[in-house]
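Just passing along the structure, written as structure tokens.
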Amino acid sequence: MLDKDKKIKVGIIGATGFAGVELVRILLKHPHAELSALGSVSFEGQAISGIYPSLAGLCDLVCTDSQSVIDKSDLVFACVAHGMSQEFAADCAKKSVAFIDLGADFRLESEDEYKEWYDGEFLDKELHEQAAYGLPELFRKDIRGKKIIANPGCYPTGAALALYPALAGGFVEKTGIIIDAKSGVTGAGRSPSQTTHFPLCNEGFAAYKIAAHRHTPEIEQSLSHAVGQELALTFVPHLLPINRGILTTAYAKLKEGVGLDEVYDYYENFYKNEAFVRLKSLGQTVNLRDVKYSNFCDLALHADERAGNLIVTSAIDNMVKGAAGQAVQNMNIIFDLPEGAGLDLIPPAF
Amino acid sequence: MLDKDKKIKVGIIGATGFAGVELVRILLKHPHAELSALGSVSFEGQAISGIYPSLAGLCDLVCTDSQSVIDKSDLVFACVAHGMSQEFAADCAKKSVAFIDLGADFRLESEDEYKEWYDGEFLDKELHEQAAYGLPELFRKDIRGKKIIANPGCYPTGAALALYPALAGGFVEKTGIIIDAKSGVTGAGRSPSQTTHFPLCNEGFAAYKIAAHRHTPEIEQSLSHAVGQELALTFVPHLLPINRGILTTAYAKLKEGVGLDEVYDYYENFYKNEAFVRLKSLGQTVNLRDVKYSNFCDLALHADERAGNLIVTSAIDNMVKGAAGQAVQNMNIIFDLPEGAGLDLIPPAF
Amino acid sequence: MLDKDKKIKVGIIGATGFAGVELVRILLKHPHAELSALGSVSFEGQAISGIYPSLAGLCDLVCTDSQSVIDKSDLVFACVAHGMSQEFAADCAKKSVAFIDLGADFRLESEDEYKEWYDGEFLDKELHEQAAYGLPELFRKDIRGKKIIANPGCYPTGAALALYPALAGGFVEKTGIIIDAKSGVTGAGRSPSQTTHFPLCNEGFAAYKIAAHRHTPEIEQSLSHAVGQELALTFVPHLLPINRGILTTAYAKLKEGVGLDEVYDYYENFYKNEAFVRLKSLGQTVNLRDVKYSNFCDLALHADERAGNLIVTSAIDNMVKGAAGQAVQNMNIIFDLPEGAGLDLIPPAF
Amino acid sequence: MLDKDKKIKVGIIGATGFAGVELVRILLKHPHAELSALGSVSFEGQAISGIYPSLAGLCDLVCTDSQSVIDKSDLVFACVAHGMSQEFAADCAKKSVAFIDLGADFRLESEDEYKEWYDGEFLDKELHEQAAYGLPELFRKDIRGKKIIANPGCYPTGAALALYPALAGGFVEKTGIIIDAKSGVTGAGRSPSQTTHFPLCNEGFAAYKIAAHRHTPEIEQSLSHAVGQELALTFVPHLLPINRGILTTAYAKLKEGVGLDEVYDYYENFYKNEAFVRLKSLGQTVNLRDVKYSNFCDLALHADERAGNLIVTSAIDNMVKGAAGQAVQNMNIIFDLPEGAGLDLIPPAF
């Protein structure tokens, strides 16, 4: 752990996007970190509190360019479109600055899949080998000691936490998995569009990128690790007319003879030391309301005995456990801080 | 068809519930029907426009008891909790008054299933044999000539219209079907509760009655007719923090070698004469926004070739095609009126 | 009145904006009008139902240029930014095509005020003299026989209907009037922006253009006609995170000795023949919910005897009575049709 | 100040209401307080986390009766209906337990006004003389040293902070003041009703208790202190279909010759040491979005020179600065703690 009196200097590239400003919200109260610099191409020279007046008096840092951010930081969070992080990562690596990428560049282990889904390539293969996929509850030991972290996508976080134990425990079939997920509109980011224009979004609801969303291979990758072989599943995201949260309803075929109780026991044991996973008692359900603004992932298990399916629902705040909160959790791990430092965020009751 | 100058006298039992007042909205503009009486236990003696001020000056009928409603009507719509309709139906049958039940009493063909899911019994088995299940696009020929109609549940309408053709055409497996549905809050009815209390409902989202909702056997019943044998599926409803609409995301395993194009052609042909079903072109999606306040069911088809699933999304207004609109459609059929009379409801763009 | 069998050919310039598509919704069911052409600069060559899928199968007209719209129409509605209508109006006048402007070019009688608030000028003063301000309940006799109509702004409609009688009846002072109005987001139009971006708009609320909104002189103009002299008032609009509606809370100082009952009697008499104004009984309030999707203006009167103020609240749907509905009302008047033709729109209860 | 190692034992009577659970959210992270007991009549014997699952794992205290709460606490917060607090206060006084009332019993100095507006009486006049009205920014010196605090109403907090300086500085007239306020639905409390039933509340908007709300005399009382004489004003609240926040638009007549700049300077100076008041620069506006979940009151000043009015808008979170946050602020004052302890709540950007 760092000298307790010396705070980690943390910079954010892409600080004025939604994930960026959520990082600011969390880091402002982190006991062992301090914001060193905020980078923004669109708002260079402007105070973050001018763009987000909620921060007035709390953070009046003026946005700067990405180079300055890297130069002033022990750790850089990058909140930029995929394809842009690799160069930042390379630069950070050169300067021994830790790098946590909230984008997609380092999430997929297979360059082939990256090509297929993102139409990009691995610019520096070595760099990719140094990176870890930062879903601590599932892959914590790979994260420790790393200096490049791929922060998971929002949907993959909710989906993997929901189904990994069922697969790892051998309770469900590897085929026939369905992930039906519903996300609040912050997931679409800061740029306005017809889809997110209030009168067209409000009181509407739709699926999108049906069986074609880029988070599909990432979900498959995590769940494949649970079973030690590749699997293919169906993932359908939906846009919920609320601000925050992803509710995932995951369906998997129960193996012959498997009962809900034994699955539940396995989950309970699997997550028993995880501060951010709250497994509901059998019979209870999860609600996005109960995790908003927090780093929690609430989980509930149900079985449909008539049709033979396990149904796992997970609820996360897409901006926290699905983005900025998990990124800070990763920061805590790689800097050997208490994993929950700065993440004692209480979800308001309403 | 009735004498065109003589309007059908239509009464509503349970007129002050959400389905009831939606019937009022539609029937006020029906060219061949007139409201004869509105029944309400809770609001007897009060004008409907006092309860719903939106109707001020448009319908100031004073609520009366159910007996008066039956006595004054050629047709009675019943919007009451399950278990209460059977007696009203019997009374109507005696008096040769047509009866359309928006509740659940006549929906299930099997008394065993009714017992299992509703904990009730068929009071008069003959009455049940005279009833038809009123989902016109699938079972129109059974509806004609009947005087007792079981108006389908909201979820079963969206689910059956989504998957019936895929099953009838033999494109998908009969097992492994998943129905993941999301409904607006009007589906919960007029009575306030913690679940529908604005600050707890707004900005929240949750699944409920997971694999335990009473609409499950009704969905299975309709889809079983498509394949000529019983089937069991998994149905999970969710509560959407919007007023109206049900979006159903239905998953079924494509049979070996089946391509999306042939499924699409079959759906196109299947629904080609249906005024209220709008099949989107391949690649397009459906949105609750586009069907609100109308009797349309919008449908879209997608295939996940990697995982081998057909994904059908359907969008309906739960209060119209899922309740009052479909009830009027059934009225039109049994009174030999143009099926779309009074249902030329244009969904507003926002 | 036109030959009943011959429908008025109606075109819309700016048909893909929110007011335009709302006109489409209303006109599709108008008994004496038919859509001749839809004009759009942004979407020329595309079907309106491609832009607004709610219209699929109901109106598949392909957008064309404004010249074609004028050439094919007996009446043109223009839904364009201020400054653009004057030329269209001049062209229509030349071709004896009636013209209803949903923009601001013809609303202000005084060119000086138009200059001050809109930074524009009257290109053809004669044209302006031929135009009437189309708020039928207050200025119906000026509208009849005109071929150019300035359709009122949304806020001015709600404000003028609320306070005109109180001023005309001499019940309140001409100074000290406050108009505090709250509008749904459709008032901001179809173009997305940060202000209307769902995650920033939803669950937020703010005043904007405080004492600086262009509708101020228009409200003053209407109310000045009530008293026969110019008056100045304070107008503050707010953006409500809902789709539709304007609730206006209007405050005026009651003259010494004036009681609420006499004011109420005057309002009741003033509006007694108005189909679209619903004056609530004393003690009742108005709610945006009750007028949505309709052409109604609901009004309620209250007095604060302690502070000596009259408080009038009005509720309209900003897209209907505040835009497209009122425009159709004006069309009906100038074509000598029943004023309510096509406007029998029932507000849904929810 | 208390011994830093000894935390204040804090109990809440009425802990399961909305203000109560918001107190729990804040107090759980207070550095100098610990929850000693939670009282609830409706939920005695149940864990607070069973009622509000957001608190699962964070606070699993089981609700008890009010007597136990008082016995276990150095300070009691009471969140109960008016009329119920006086006895709790008396009991606390006897036992030297500090008492902060989030209800209305101690807010009005005049028993006559309490009788008029609340139809109650002061059970123990001495007790009322010992109480202070806890709006720290305006009446801090009266609060220090007290053991009974009347925590202000939500509307009165927003209104008084908005207009007090303008009146105290002599910039505006004492008559003609209008307070037009808009509150989120949490202000209606935890009990469901037709008004707060989601489908009837959502997409609706209305004024209520027009010029008849019980917060009127409380607002007048605070502003009367600014001018040293009684004043009467008009207050109209509205129900906003959002969860949290009160936006107040306050209108007052500027005295002859007063310019906005001098008013602004006065406000700036007046609030310059206040950590929870954020005065916006001239030209900027306030938005409920920017204060949600925080103890801030954002203020903006505008002048309407044409009509001669000062317009002040204030934004608070009704559950924090309008209830629980301010109550904790009062606790900090009377226990001689740093006034902002536990209140460093950052409003999320969305």
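Chains: A, B, C and D, in written order; residue numbering restarts at 1 for each.
Definition applied: a residue touches a chain if its C-beta (ideal position, glycine included) is under 8 Å from a C-beta of that chain, and two chains touch if they have at least 3 such contacts.
It should be emphasised that the depicted structure is a prediction, and the values quoted were computed from it without experimental measurement.
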| item | value |
| --- | --- |
| Chain pair showing more contacts of the two, B-D and A-B | A-B |
| Most distant chain from subunit A by Cα centroid | C |
| Approximate Å spacing (C-alpha centroids) for the pair subunit A, subunit D | 37 |
| Between subunit D and subunit B, distance of the C-alpha-averaged centres to the nearest whole Å | 47 |
| Distance between chain centroids, defined by C-alpha means - subunit A, subunit B (Å) | 39 |
| Shared interface positions of subunit C, touching two or more other chains | 18, 186, 199, 202-203, 241-244, 287, 289, 292, 350 |
| Residue numbers on subunit A that touch subunit B, as the complex places them | 175-178, 180, 182, 199-200, 202-208, 210-211, 232-234, 236, 238, 240-245, 247, 249, 251, 253, 285-289, 292, 300, 302-304, 306-307, 309, 311, 313, 315, 350 |
| Footprint of subunit D on subunit B - complex, ascending | 18, 184-186, 188, 190-194, 196-199, 201-203, 241-243 |
| Residues of subunit A that touch subunit D when the two form their complex | 18, 21-22, 25, 28-29, 52-58, 186, 203, 243-244, 278, 280, 284, 287, 289-294, 298, 344, 346-350 |
